[in-house]
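Following are the structures in question.
Two complexes follow with subunit A in common, the first pairing it with subunit B and the second with subunit C.
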Partner chain A sequence: MIATIASHQVLSLRRQRVFLALLATLLTMTALAGVLGWSSHQTIVRVYDEAVKLLASTGKPAPPNPFLLKPTLSLLSNMVVYIPLIGALLALILGHLSIVDDETNGTGRLVFSRQITRTSYVLGKIASAAAVLAVVLAASLLVSVASLLVVNHTIAVGDFGRLGLFYALSWLYLMVFALIGMVTVLMTRRRSIALLSAMGAWLVITFVLPQFTSGLRPTQSLNPITDPASTSQTFFKVTSKLRPYSVVEQYKQASGQILQTATAESVGQTIQRILPIAGLVLVLALVTVRLVQRHDFSRSANSE
Partner chain B sequence: MNSPVIELRGLSHRYDTDPVLRDIHLTIEAGEIFGFLGHNGAGKTTAINILTTLIEPTSGTAKVCGYDVVTERRDVTRCIGYLPAEVRMYGHMTAAENLEFFAKLSGVTDPRKAVAETLDYLECAELANKRVGSFSTGMRQRIGIAQAIVHRPKVLFLDEPTSGLDPLGVRQLRDTILRLNGDLGMTVFMNTHLLSEVSKVCTTIGVLNHGELIYKDSIEETTRRFPDEASLEDIYVRMETAS
Partner chain C sequence: MSDSTHRIITLARHEYRSAVRSRILIVLLGILVTVTAVSVYIASVDYASKLADYQAYVNAATTSGLDRIAPSPLAALSLLRGAMEYIEIIGAVIAIALGYLTVSRERTNRTLPLIRSRPVTSGELATGSLLGALGVIATLVAVTAVVGIVCVGTIGHDWINATQALKLFLGYLAAIVYMGAFYCLGAIATAKSRVAANGLMIALGIWLIVVLVLPQIGDTMDADNQIPGGLFKALGLGHDGEAQILTHFTTYERIRTWTEEASLAKHFERFSFAMTDVKERYRPFNLPWLLGQTRNDIGWLIAYSAALYAGLRRTFRNQPTIPQGGTQ
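Up next is the complex of A and B:
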């Protein structure tokens, strides 16, 4: 029954224009990420070359090109922005669409008058969301590899592993939003309110929470030292405690480690950044299961 | 004497503090077409929701095909088909895809074959590959009936099945119900307001008033019992006003 629910959901998503439009946008931006990274890298190298020529004309020695040591995957650094923006929106819509028909079209009543348990139903929905996100990110991975090959002509074997890790982390991060999409439908019962609530959660996680954490202390983002000012004030004490729970920041920092675009830290520290995201996925999955088990699908229909 | 396929014993239900069903005792035998009548809010849909295992009763017991709707839910769902009022199904999927999905959820071993046979039986095979979202109310209702019978249930629950149908659609639905009852031996439990159809289709009626079952008997006995009333509608109005 879990497979029946999951395969039906996948078929359904293939017909949803909103979902397909967001998917196309994500894949386009993935391709662009490589091109933009390459373009900015080329600009810097050209500036360096001009500087070398200028120094040579004045008879001064030029330092070795520092940009040649830049990791290949840093060309994809924009993906760390696109995934929390477009990817998260796509995941929200995916989660929303997974449940919303059963809630507002009355099909939930048809489903639960059949031989299916609520646990199988919700596990099927979560499994389909997980599978669809895996396929979406696998497609994005392929586009990333293709764009890197086009602009850089070569990718080291180790970089494949890092890309795989980055997309695995992205999958975990996007599952947060797929589950938020489901939870909001189950809690609000109305199509528009559910979507607005999910978007609200996305805004808070993506924009508001970072403003209350690293956004308040920008020097700490640039330079990993304790902020010299303001840390004794209660407000800053509270917001600094929030920092580990700002999953978008943890995602960006962990991604930076994987793609080698951030200041290096230990593997343990990176794992500590991933744990809150995994924890949130687990909590949201449990909440979704609980909500479906307690939900009154007999009252679902024609709510809009 | 047929065996009872639906048995309600002291069935009560309340939403928060509002009682919706009060101490209902009802037996429906195999092969009957039962018309459940009552004003809006009388509790008819709640009764169907309990019998189709969507909600659990606050107290009392309900059995369908001999299985308890709470403790033997899976057995109950195996032997029932259900068509809610104004169901829309998955609009962006074709009729066949919708029906295959519900056939699989009902444990049908060859869903594709079952869907083809069901659409043929209901004489709407031409709808198979069309998206349900583009269907008229009448077409949607036929596909709704198809999903309810694709697994050949013993009992069919219909909640206001004539709602939104034009006169031709109402007649087609009536013919379909009679065929399902006659050909496939399905017991039909139908909530409806359309009393003219009840008198043409149903073998037995029950009247629910503010959550209480105030009347249950065969159509024949009912017309015999109220010789002064010209139609079932008159009889129903008399019952409602008397209670």
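Up next is the complex of A and C:
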């Protein structure tokens, strides 16, 4: 029954062209990250060539090529920014639509007139969101591999494995937002309020928490390369205890480790960064199951 | 007062009262004010310690009889950088939500056809709604400004003077214009969609591109941002060397500039940063010079806002005057 609900939901998303929109946006975003990575590569090489000529004309020795200091997968470092910005918003909308249409169309009432348990229903909905996100991220992985092949002409097996791990982590991170999208629909009466509440949660997770726990200004979150902020104040001595729960920071740090674009740390430390994200997914899934058990599907939500 | 002005004021009052009754808006406002207070608090604590160091240096220099004392490198207004960034991101979302609520509220209550059945033109309706929303936005901006100024004064121990107050006023005025443009966007997208929530999603999609994606692309394309700590520093080049090398990248820099110029958020950011002394290169100059330097950003801000206001008037003119079947 879970599979039936999930396949129905996937079909519904395909018919509404939500699936296509998600796929197109994420693929464009991945291609854009590749183009920016290629542009970054070309710029560094050309700046280095010009710098060597300039320094030679003044009799100074040429510095080492800074591009050699950049890891291969840094070409895709913009993805670590786009997933929490664009991907998370798309996941919110995916989760939102998974439940809200059953409310506004009255499908929920019809579904529960059949022999379907609420647990099967909610697990089917969660499974459909997970499957859709997995498919679009798998497609993004292929685009990322193509970008690397275009620029570097080759890709090591280890790098391919790292990319796979990065997209698996991204899937986990996006599940947080798909579930938030579902929870807000189940907790509010109007579909617009549900959407705005989910947006509020996204803003807090993406911009507010990193400022509270690490002093990162909102626009610093937009750049894949940021200088660390000073956190020596008493304020941060208190709030930094919450840093493990700032999932966007943990996601970015763990991604940096997987793609080897951040200062190296042990595997154990990286796993510790992923655990809060997995924990949040689990908690949100349980909350969603609980809310569906109590939800009154006989009352249609306001379509506005 | 002409009849038209009277009708516009009535509509603006209606908009203001309705907006402040929305709980979700109050929650979003609460988030904005809280994060503004925290960001200014964090910056002010750091500033107070640097100001104390500078004061100790001045005292020591005066005691030792030095004639020339280095001016303070600190700028109190720059503590409001975080506040401006939050207006740029969260403020724009609040403005879109306001625009969305303007249309969806009238649709849900079926009062839009009622209003249009009165002798109210679409222009008056658009202007009245926008003025009411600008009133809400101005209240919000004033609250965040007061919170920011008080934090700078009490925690940073540096109260702003009259000139700084004028610059800050202009910065916040730009914030109102900026948010007004996003209000129009939210209202237009909602009014053009059969399902209001879909219009909200479209407006948020445009917000994502304009506020986050385009500036991010511009920042990422900056040659100096390619390596942690700066590419030119890694190559052992100073400002002159950087300028000389960038002469070989004119087309690249032009594309980067165009990408940033397409973003309304970037124009607001540049102007507000110039008004709040965030960029060190602007600090030595007076207000007329700063306004001259940022005239391009002022022009874009006004142009975007005027275009969206015209779009709002046009959209309201095309709204049906009789109830349509369903709101799906």
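Quick notes
Throughout what follows, the second predicted complex is superposed on the first by the 260 of 304 C-alpha atoms of A that agree within 3 Å, B and C clash if a C-alpha of one lies under 4 Å from a C-alpha of the other, contacts with A are read in each partner's own complex, and residues count from 1 in each chain.
Quick note on the criterion: contacts are C-beta pairs under 8 Å (C-beta built on N, C-alpha and C of every residue); 3 or more make two chains touch, one makes a residue touch a chain.
For clarity, every value in this text was computed on a predicted model and none was experimentally measured.
Applying the stated contact rule after C-alpha superposition, one finds that A:127 touches neither subunit B nor subunit C.
Residue contacts after overlaying the shared chain place A:48 against subunit C, while subunit B stays out of touching range. Of the two partner chains placed by superposition, only subunit B is touched by A:15; subunit C is not. When the two complexes are overlaid on their common chain A, residue A:211 makes contact with subunit C while staying clear of subunit B. Comparing subunit B with subunit C, the partner in contact with more residues of subunit A is C.
In the superposition on chain A, contact of A:31 is made with neither subunit B nor subunit C. Within subunit A, the residues touching subunit B in one complex and subunit C in the other are 302. Those residues of subunit A lying in contact with subunit C across their complex are 32, 36, 39-40, 43-44, 46-48, 50-51, 54-55, 60, 63, 66, 69-70, 78, 81, 85-86, 89, 93, 100, 104, 191-193, 195-197, 199-200, 203-204, 207-208, 211-212, 215, 217-219, 222-225, 227, 230, 233-236, 302-304.
Every residue of subunit A that touches subunit B in the complex is listed here, in rising order: 1, 4, 8, 11-12, 15-16, 101, 105-107, 109-116, 296-298, 301-302.
Partner subunit A is touched in their complex by these residues of subunit B: 49, 52-55, 74, 77-78, 80, 82, 84, 86-93, 97, 101-102, 104-107, 147, 157.
Subunit C makes touch with subunit A in their complex at residues 23-24, 27-28, 31, 35, 38-39, 41-42, 45-46, 81-82, 85-86, 88-90, 93, 97, 100, 104, 107-108, 195-197, 200-201, 204, 208, 212-213, 215-217, 219-221, 223, 225-229, 231-232, 234-237, 241, 244-245, 248-249, 252, 269, 327-328.
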